[in-house]
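Written out below as structure tokens is the structure these notes cover.
Read from first to last, the chains carry the letters A, B, C and D; within each, the first residue is number 1.
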Amino acid sequence: MTLTPEQLEDIQASRANPQATLRAVAPGMEKHLYEAREVLDHGFVRVIDYMGDDSAIVQAARVSYGAGTKHVSNDEGLIRYLMRHWHSTPFEMCELKLHVKLPVFVARQWIRHRTANVNEYSARYSILDREFYIPQPEQLAAQSTVNNQGRGETLQGAEAERVLRLLKDDAGRAYDHYEEMLSQDGQQGLARELARMNLPANVYTQWYWKVDLHNLFHFLRLRADSHAQYEIRVYADAICEMVKDWVPAAYSAFEDYRMGGVNLSAKGVEVLKRKLAGEDVTQESSGMSKGEWRELMAAFE
Amino acid sequence: MTLTPEQLEDIQASRANPQATLRAVAPGMEKHLYEAREVLDHGFVRVIDYMGDDSAIVQAARVSYGAGTKHVSNDEGLIRYLMRHWHSTPFEMCELKLHVKLPVFVARQWIRHRTANVNEYSARYSILDREFYIPQPEQLAAQSTVNNQGRGETLQGAEAERVLRLLKDDAGRAYDHYEEMLSQDGQQGLARELARMNLPANVYTQWYWKVDLHNLFHFLRLRADSHAQYEIRVYADAICEMVKDWVPAAYSAFEDYRMGGVNLSAKGVEVLKRKLAGEDVTQESSGMSKGEWRELMAAFE
Amino acid sequence: MTLTPEQLEDIQASRANPQATLRAVAPGMEKHLYEAREVLDHGFVRVIDYMGDDSAIVQAARVSYGAGTKHVSNDEGLIRYLMRHWHSTPFEMCELKLHVKLPVFVARQWIRHRTANVNEYSARYSILDREFYIPQPEQLAAQSTVNNQGRGETLQGAEAERVLRLLKDDAGRAYDHYEEMLSQDGQQGLARELARMNLPANVYTQWYWKVDLHNLFHFLRLRADSHAQYEIRVYADAICEMVKDWVPAAYSAFEDYRMGGVNLSAKGVEVLKRKLAGEDVTQESSGMSKGEWRELMAAFE
Amino acid sequence: MTLTPEQLEDIQASRANPQATLRAVAPGMEKHLYEAREVLDHGFVRVIDYMGDDSAIVQAARVSYGAGTKHVSNDEGLIRYLMRHWHSTPFEMCELKLHVKLPVFVARQWIRHRTANVNEYSARYSILDREFYIPQPEQLAAQSTVNNQGRGETLQGAEAERVLRLLKDDAGRAYDHYEEMLSQDGQQGLARELARMNLPANVYTQWYWKVDLHNLFHFLRLRADSHAQYEIRVYADAICEMVKDWVPAAYSAFEDYRMGGVNLSAKGVEVLKRKLAGEDVTQESSGMSKGEWRELMAAFE
């Protein structure tokens, strides 16, 4: 278990004390509040706060479109319409605040999503814990031979063992030396802002991360995708489970139009039209590059 | 009164139905929820939702600074420290959603603050109401003779009357013609997206506006300032009253360090040092331009 | 012609004086520099500055992907790959600065694109010119009966004449009164920040607008789209012509994947798969709403 | 020297080939273009492109303020006025693109400035070089005893030697194992996206970073400050030298109003007023906390 006894106590105290509010309440999300959902070997995601629900999206859309939205019969239909037509601002009216514990190399990918608020644990101020991500054996994959940024088969036998041993030993030794450099026992002790540079990218950090629902969906589309690196995808998957309970109608539209959707180019539309008309189109006759053709066929086979 | 009976009923219904939540609750803000605070002749501001409170700021800061914050004795002291040292990210952990009704020329200034989420009433979809901002007589000011973007003395007598009459007549006539062009009675009726171009900049629009506390403070610093145009300042003032009840410690630090604070240039610091050392510094001997000198003297007289 | 003699002289002076630079130069864009391309009756777009070219996109991508990009045979292929896979950051490495003169109601739509830099003419400081957008007769359209935010047939005869007359008369009168209120001839003169509220939304304003290529493409996708309001679409179209000459490979990929592309939902993919397999799918058997079905059929008929 | 022969050749080729442009050219910046300025032991900063100059700031301001700016006698005076009054948008009209090579722990601080465009070298696609930041002996500082995030005295003798040895050995070993895990010699070879997690935070990465001048100044104010960590401050200092040559008037205003300036709270203003009036104010009679008082006294002693 990744949470300390103090943190667990803190969670229980927070959950024991419901208060009255006049704000929109999402019952599906209340059950997630403060609870840490474990991810990887020492990581977690937990909801610290949220603003809005499915109705808040509809309410904001109705401010914009006024009487113009009346013909859409119900909230779910309106939310699907907004998602389909990339009317993103109503989704920005919901906000989520998460507490995430994650390896530094995952944090480095994550932070590239700029439209969010972040407070990260500072290793200039404080000492990092001795916690490192060590992959499960089934996640120890070889470099993909077809995809420059992907994984291939799982490593086996002696190679797998050697990799695991190297990762563990190097992390442990790096942390021992981190502590040794920091120590003020019989020496001055190196500044924390310098000592941290000895720690590898699988050390865990943590942060509060706050984002609106539109930008969260953008994050999830990229990071819950099958091409995302496994170690960030498991965080995205965990967040998806929470979002599904928070804003079920919006999440369902997101799944249909974004996660399960396909972007066709003009050339792709042309190929499908020709095929629908019974023509036998090949890559050569499509005008597409091999890569584009392969991706199109993969989507429709 | 600016709210329709339907809106008032809606507010009462929302306020009649408190629900239990495990989230942070700010009692001072609950009392504002949904209540419309009137601004100008037809405008209002009302809180639709909020996330976080003073404790949420502290909580986020403690994630960042870990043990490093322990020496600050209390929450208020830590919040003041954060504000003084421009540690802005913990303030971003609070979020506010407002419903605002405001004249278009005010909306045009307001929207320049880009880090916010907005859903505005769309005059392409829907028809605007016959509501225009007409200044109170004491707000009918002459062009300032010293400030290119400011107001001077209040207009008097016949000139004031003429201005009021022109504003009222032109707005009324523009709206009559707007309706006449839109009408489908015996004619096709002009498209709404075209007809709206006939309406003057004092017509009222409305929007949902959502912003984090750090960016809200930036907005308030500029717009609650005495140099801001009166018509946006009254909105900023109304929001200040709400924020004060929502996050009293953060608001108090904001008042001290931002609203009541002064930015000195290196030259300004030098002048004050010389004065503190008993020297009689003049504009000529200060190395400052006349404008800079005047502003410095104004701050310390 | 919308430019003053002073502005024309200024343009000619700027264009007469090429200087040497070591930066990337896009010959296709140099020919546009400073030249005003007329839009609507008094508006224009002109390029003030640009940064980067197609090669700058490739160069940035090769920093990110290093040896990983070597297998893509050429720059155009790499740019297409980046566009297809939503790798947006290399496109952010190009930047464009425009000077735009446009009606206020167009500016209000435009400014909703937040990721851009703007300096707009301030009617608090300065007096607006007597210039208003009056639609050409063929643009005077009725409200669409099928689309809440669209136009239908062109107005005819007496109705068209009446609308044109109302728009012209109201604008002219509003401007007369604006000047009358501002006048300091025998009176104090109303403050500019107040007098401007009398001007209708078809008055022209102007601004410098600076944006990166990724966000520009996002703007163009929405605003050069056939569903965009005509009065902003003509600006987007004018900008498209410039971008095409500036970054021809990126623009070509944008046309194929964004402007001419189609986003399919998971349901849409399913329908097409069934049709490709020879099944006769109807709206009822598709699981789609009527709106979704209609849009899907429109894309593939 | 940190650049490879290929990179040096590339720089020379780029610099050998000036082209004609009609855009604004900043002669002071042309001399920096492409040249790598060395920072730390393996890092560098070099200018890849820029947009605008001091005149571009003035030009944009004059669009906004129109005739209202005529009374400011010259460009430098106007730039100082804009900086003093926080009119930030004209500074956003200049843009800078840098190529930076920097240790990962510096990159992690840097990326927190969100309003910028970034393309970073991807260790998923490509293999990182064997280059690590090892501090110079005079930078090996002990933890500060008064500042939780600062450095104290320089480490001496055996402690300094031990720290240096640990940093070098751990980095070298981590890289050996990184290569060993990646190797496809007689084994499958671990995926790059996994192997990278073994590398410590002092490994070098590189990126293209593009930012507007307003946000660059914000970055420089925080990172060229004496409280910033030395390892990022040296990058900020290097950039300051470039900016000074690029936009000398803006940089001079920045130095006076931001770098050398002081923000006083309302309480601080009150204290100075009392002191200027001859009163002997103490911390106790100031109403300030000890920390605030100490900082105020430090600024004016």
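Methods note: a residue touches a chain if its C-beta (ideal position, glycine included) is under 8 Å from a C-beta of that chain, and two chains touch if they have at least 3 such contacts.
These numbers come from a predicted model, not from an experiment.
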> Same residues or different residues: which describes how chain A and chain C meet, taking over half shared numbers as same?
Replying inline: same
>> I'd like the angle of the rotation relating chain B and chain D after CA superposition, in degrees, nearest 5.
In response: 180
> Taking each chain's centre as the mean of its CA atoms, how far is chain A from chain C in angstrom?
Replying inline: 33
> What whole-number Å value describes the gap between the mean CA coordinates of chain C and chain D?
Replying inline: 34
>> Between chain B and chain C, what distance separates the C-alpha centroids? Give it in angstrom.
In response: 29
>> Counting only residues that touch at least two other chains, what does the list for chain B look like?
In response: 65, 68, 118, 122, 125, 148-149
> Looking at which chains touch which, would you call it a line, ring, star, complete or other?
Replying inline: complete
> In the complex formed with chain C, which residues of chain D make contact?
Replying inline: 14-15, 17-25, 30, 33-34, 48-52, 56, 59-61, 63-69, 89-90, 92-93, 95, 97, 99, 117-122, 125-127, 206-208, 210, 212
>> Which stretch or stretches of chain D touch chain B in the complex?
In response: 65, 68, 71, 77, 80-81, 84, 86, 148-149, 222, 255-257, 259-269, 272-273, 275-276, 289, 291-292, 295, 299-300
>> Looking at the complex, which residues from chain A come into contact with chain D?
In response: 103-105, 108, 111-112, 114-115, 118, 122, 124-125, 133, 135, 139-144, 148-153, 155-156, 159, 162-163, 166-167, 170-171, 173-174, 177, 180-182, 184, 187-194, 196-202, 229
